[in-house]
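Okay, so chain A shows up in both of these, paired with chain B first and chain C after.
After this line comes the complex of A and B, so read on.
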């Protein structure tokens, strides 16, 4: 595995490569982009290249393309996951800080971790290579004090340092943090490529296509769903059900449907926790709920675009009848409003509002508008 | 070995070099010249406007070893100046306030402050990001800050002066660094490009300076990114390709489609923008900026100086502006601003953006007020009358609705009482409350009054009670032995006082109320006439199953919950 094996992120990688070729790579980068588009992979490979003792210079499409050699001591150490000059900083490290023993895994990236695993380590010189690379995962979870804490280090780190912040939401970072780093955007991955990948994993074409579209270009997310589906969690069946019942729902059924969706999301989270042991249960619960709401959004989006887009590119291309049925009751503009509502719900999920209330509110609002404002 | 970014490489070294902060530089220079340098300064301003730079320059000016006294032109060559520029001088202690923010660090600082500087005139503490100091840390600093030893100077720098407590602020001279104007940034960018010997298109600098948003460091970071692409000469296309600046032509297309209310094309244009690698927030920002331009054109005409656009863009914007009116633009900008916030807070904001853009396209365009007035005048009285009429109609509608609501409300009350009652029964004459007999015979009416005044919940509670004695203004109400809970509820929440005052008001003389629970024997002795709802109790006792059934009925449960009521008896309408 090296830089050239990373899919679909040619633009950011070429940016890095150009900087490397001109010896102008910055000391601090922010890799920004959706979850699961290859930020971490790129960061790892970039680190490997920076640390490599004998980089291989080459050409790729008439551009300079340097890559790690994969054979030197540094590269071998790196591949073994024990390179002393590569530091990965993530929130779960809190357990290993001085007074973090036995504490529950944090929601935010705490200042202790930053202090002990970034700032203190920046000060010591590299041991094997000429550089030292720090990769901070989930930088959007840096709270305000943690961010302020890294400011000075980000602005003027020792010359041997390179710090990479991986961030899904650039907006969560303070402007003063952003202005100290070079931001590199990672775009969404081509949907065809995701579908292909899911097919390789053994998913049906129909399902693969749906998950790819729902993921909006996040390979990681699509893979998670596909894994879930392969583990017989019934995600796809659930989606078919949900779309069907939304299309046919009437006010009296809304509460029942909400309860059902809630149960579904719990079941989903349980299935997920079997696959993904490292993430906390609360996070998985939230992720499952978000998945459900994203499905609702996808239906509404279909309703909105039904008249103006070809039917083949709908999210729910396999349930066009249901979408049409819903479109008979909802005008495009109403659907647009509902989508805005759904986003509000997504935000609520993150702020920890009671999930039952969220689903009830969501489904009630969907069915109420159906009965109250029929299309003329 | 490693490349130093431009923002560090070209950090200003003297007062005159600091860009865009001339008033502050001048003030500080004058202070040095006249020997009136304060012992504590607070530099506030947004990111990258020169706070830390100015702090270092000031430190150098005070401590430069090439002259005997503080100077306005530090030499930048002596040991002290060089060390300060690198941030590692022994007498100029640069502290990262954000990571050394506790009281312990401040105590250490205080202890060291009493020692004289090693080689220079002053011992200078620069505390960067000072807003992150904890409150105890700030307070520990207060005394030292008010009257430091003569050899100590403090310089604080912060982006958030509001977080610095007032007692600190009042001990410092505060300088607010303004945002740097695009023109100054552009000038500095040109200078640096010249120094770095990099070729560039002249048109590149101004948009780049605008993107920097008032911060020199942002501008230089952007320039760094452009330079690191290795393309020479730097051209405007790079801005769009590498810095994610939205293609203005595409944005204009999108706005044009919105203006023409074309739904499908609007979505296609959005898709096009996203394909080009833009984030949703950036698109919203670009739309806001462009709508702002249109708004300015609408209100100030096409040739206004308020716009920074090329001739061609101006022409295009002028055409676009024709499609909107000011009210619609203002509405759209507000909506976009709100949307922007929502977009920021979402992982997958694509659908939301689509939704909003589509709404803009589909929403009816605002009617110009002039047009509306003209139409009203032309349509003469009839339209106005019609409008009045509809207004009146809607009002009466609202009234009916209101009445219906109160009716349905009281219907709920009745469900609890299991018996109908007029909305406001006549108050009983004072004589009705004079002795126990009259109270008993009027008890039903009294209950109605209580129900009307204190809520049917209270009345329902009292239904389980019957008047027992009335002596010396004290009314004793007796509850059935099984109605212990009702009695307690009557006594709690000030209900007893409310009932008392209500009854006193009606009888004209003060009445106290006592509640008691009947003992078993008394109850057996009671005659059916004394207990009007006795049948209900019997029925309930004989069929607890029936009671459970009714209580578990959702409608009943709703009523009970909503009114804080309990079921005292169940009567079935024989007609049912």
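After this line comes the complex of A and C, so read on.
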């Protein structure tokens, strides 16, 4: 793996490459974009390049393109995950802070982690390479005090330092944080490429296409779903069920359906935790709930666009009948409103609202305005 | 690998290593030490990626050379609890066995290739200094470093070479300690230009090494690290980045109010006066007048304390406030029976000297 292997992020990478060629790389970056579009991968490869002892200069499409050599001492250490000058800062590190022993994994990125794993480490000079790179994952979870604490370092880090904040929601960062960093935006990935990748992993074409569309350009998410599906978690079957039930259910079923969705999301999170050991259970629960809500959004989106788009490019192209059935009861405008509601639910999940309430609210709101009862 | 260790020597080495090896870290391999047996000697290394320590263990008998990486805490605990004089350590692929007279332990190890490299001391040292002098110097300045500060530079101790002396300077912005340590020889010019800042953790470690005082410490100053070799121990440490404040500028040179005092008498007076100070009015007042020095403390809701001392002083009277904790910490590390104190105005720093080598500058407090 190296910089040139990163899919569909030519623009941000060429930006970085230009800066590198002119020796003007910034001391602090914000990599902003959806989850799973390659921000972390790019940050890692960029770090590897900055730390590499013998970077290889070459050309890609007539532009200068420098990449890490992959063979020097620094690169080998990097690949082994033990490079002393590369620091990954993430919220689960709290367990390793001075007072963090035995504490539950935090929801926000706590200030202790920032102090001990970023600010203290910035002060000592690099050991192996000439630079030091810090990658802060989930920077949108930095609370106000953590952000204020990091300002001084972001403004004026020692010259060997490069700090990269990975952020999915730029609006969560303070203006003072943003103004100290160069923001690089990462766009969604081409759906065809995602489908291809999922096919390579061994997913059926139908499922691959659905997951690609559902992910909205997030290769990381799509791959995780595909892995789940390959591990027999029944994600696709769950989706078929969900779409079917939304299309057919009546108002009195809403609560039952909510309970079922909740159970489904728990089952999903359990399967997920077998695949992804490093993420905390609470986070996986949230991720599973979000997946279900995204599925609901996808159906509503289909209802909205059914009349204006060819049926092949619907999210639920494989369940057109059900989508049509739902469209009979629901106007496009209504569907748009429901989608807005769903996004509200996604925000609730982030802020830790009781999951059962969320699903009940969601499915009741779907049924209240005649969604689940035939049009008069 | 198969080695017979003298238990006490191994325990000593591991005790030193466990002060470097982090007990909780996201990289599990850092919790381990690397035991490398050569033909005749055994070296044990540990690191937290900032400070590295390699210890050559004495009293070993190598039957078969090799390498093994095992968790430091567990190994140290086993060696500490064992009672035998000799322990046999036998390591094979991924596991390490410790055999005593009546016991047998197996510890699962990690891949030796994944263990980060711990730098070794090679070539001629840049400077050499007596262990006892260096450790005395560290004791006298380390306490003054800043504990948590966003100005990285003052989280460490500045090392500066002036002629045949090594200057150690530490400050936290409110007080400053500088002490001079004599070098064995005048270093060459290139070395003398180095101005480096060493993390407080490394300094604390240097204070712990060595078995007897006559030993010499060899130091090597590289671009981004320092290597220290003393007897059977090699320490490598990263340096702290940043510009150390220009401390010479704040050492006052124009004071006329000087007097000599006894360390122990002043320490006792400061302690007693500090008993009645509150959180808000942390300072104690030093009132100097002809023939007497009065230490007084006051806590608005509790009471007031006053300790008098006869001194040999004939200048103008002056009242000045200091943080008693800062006075106590400095007085504790002084090794002379008497010290000199100089003050100028109530709003300018006080200056303390002990012997020829220790200088302490202390900012006053406004007592209102």
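Note that the second predicted complex is superposed on the first by the 370 of 376 C-alpha atoms of A that agree within 3 Å, B and C clash if a C-alpha of one lies under 4 Å from a C-alpha of the other, contacts with A are read in each partner's own complex, and residues count from 1 in each chain.
The criterion applied here is as follows: a residue touches a chain if its C-beta (ideal position, glycine included) is under 8 Å from a C-beta of that chain, and two chains touch if they have at least 3 such contacts.
Computed from a prediction, not measured in an experiment: that's the story for all the values here.
A.B. asks: According to the contact criterion defined above, which of chain B and chain C contacts more residues of chain A?
C.D. replies: Residues of chain A touched, chain B against chain C: more for B.
A.B. asks: Have a look at where A:122 lands relative to chain B and chain C in the superposition and call it first, second, both or neither.
C.D. replies: Touch status of A:122: second partner only.
A.B. asks: So, does A:82 touch the first partner chain B, the second partner chain C, both, or neither?
C.D. replies: It touches chain C, and chain B stays clear.
A.B. asks: Going by the contact rule set out at the top, does A:93 touch chain B (first), chain C (second), both, or neither?
C.D. replies: So A:93 only meets chain C here.
A.B. asks: If we overlay the two complexes on their shared chain A, which of chain B and chain C does A:56 touch? Say first, second, both or neither.
C.D. replies: Neither: A:56 stays clear of chain B and chain C.
A.B. asks: After superposition on the shared chain, which partner residues are touched by A:160: those of chain B (first), chain C (second), both, or neither?
C.D. replies: Both partners, chain B and chain C.
A.B. asks: If we overlay the two complexes on their shared chain A, which of chain B and chain C does A:297 touch? Say first, second, both or neither.
C.D. replies: first
A.B. asks: Regarding the shared-chain residue A:145, is it in contact with chain B (first), chain C (second), both, or neither?
C.D. replies: After superposition on chain A, A:145 lies in contact with chain B alone.
A.B. asks: Using the superposition on chain A described above, determine whether A:101 touches chain B (first), chain C (second), both, or neither.
C.D. replies: Only chain C is touched by A:101; chain B is not.
A.B. asks: After overlaying the two complexes on chain A, where does the chain B footprint on chain A coincide with the chain C footprint?
C.D. replies: Comparing the two interfaces on chain A, one with chain B and one with chain C, the shared residues are 115, 119, 152-153, 160.
A.B. asks: Note which residues of chain A are touching chain B in the complex, please.
C.D. replies: Spelled out, the residues of chain A in touch with chain B are 11, 15, 18-19, 21-27, 34-35, 115, 119, 130-131, 145, 148-149, 151-153, 155-156, 159-160, 168-172, 175-176, 179-182, 185, 187, 216, 218, 290, 294, 297-298, 300-301, 304-305, 307-309, 332-333, 335-337, 339-340, 343-344, 346-347, 350.
A.B. asks: Within their complex, state which residues of chain C touch chain A.
C.D. replies: Contacts found on chain C: 24-27, 29, 49-50, 114, 116, 148, 150, 152-153, 155, 199, 224-225, 238-242.
A.B. asks: Show which residues of chain A lie in contact with chain C when the two form their complex.
C.D. replies: 77, 80-82, 84, 93, 95-96, 101, 115, 119, 122-127, 152-153, 158, 160
A.B. asks: Which of the residues in chain B end up touching chain A in this complex?
C.D. replies: So the residues of chain B in touch with chain A come to 1-5, 8, 46-48, 87, 96-99, 101, 128-129, 131-132, 159, 215, 217-218, 221, 224-225, 227-230, 242, 244, 263-264, 267, 277, 279, 281, 342, 344-352, 354-356, 358-359, 362-363.
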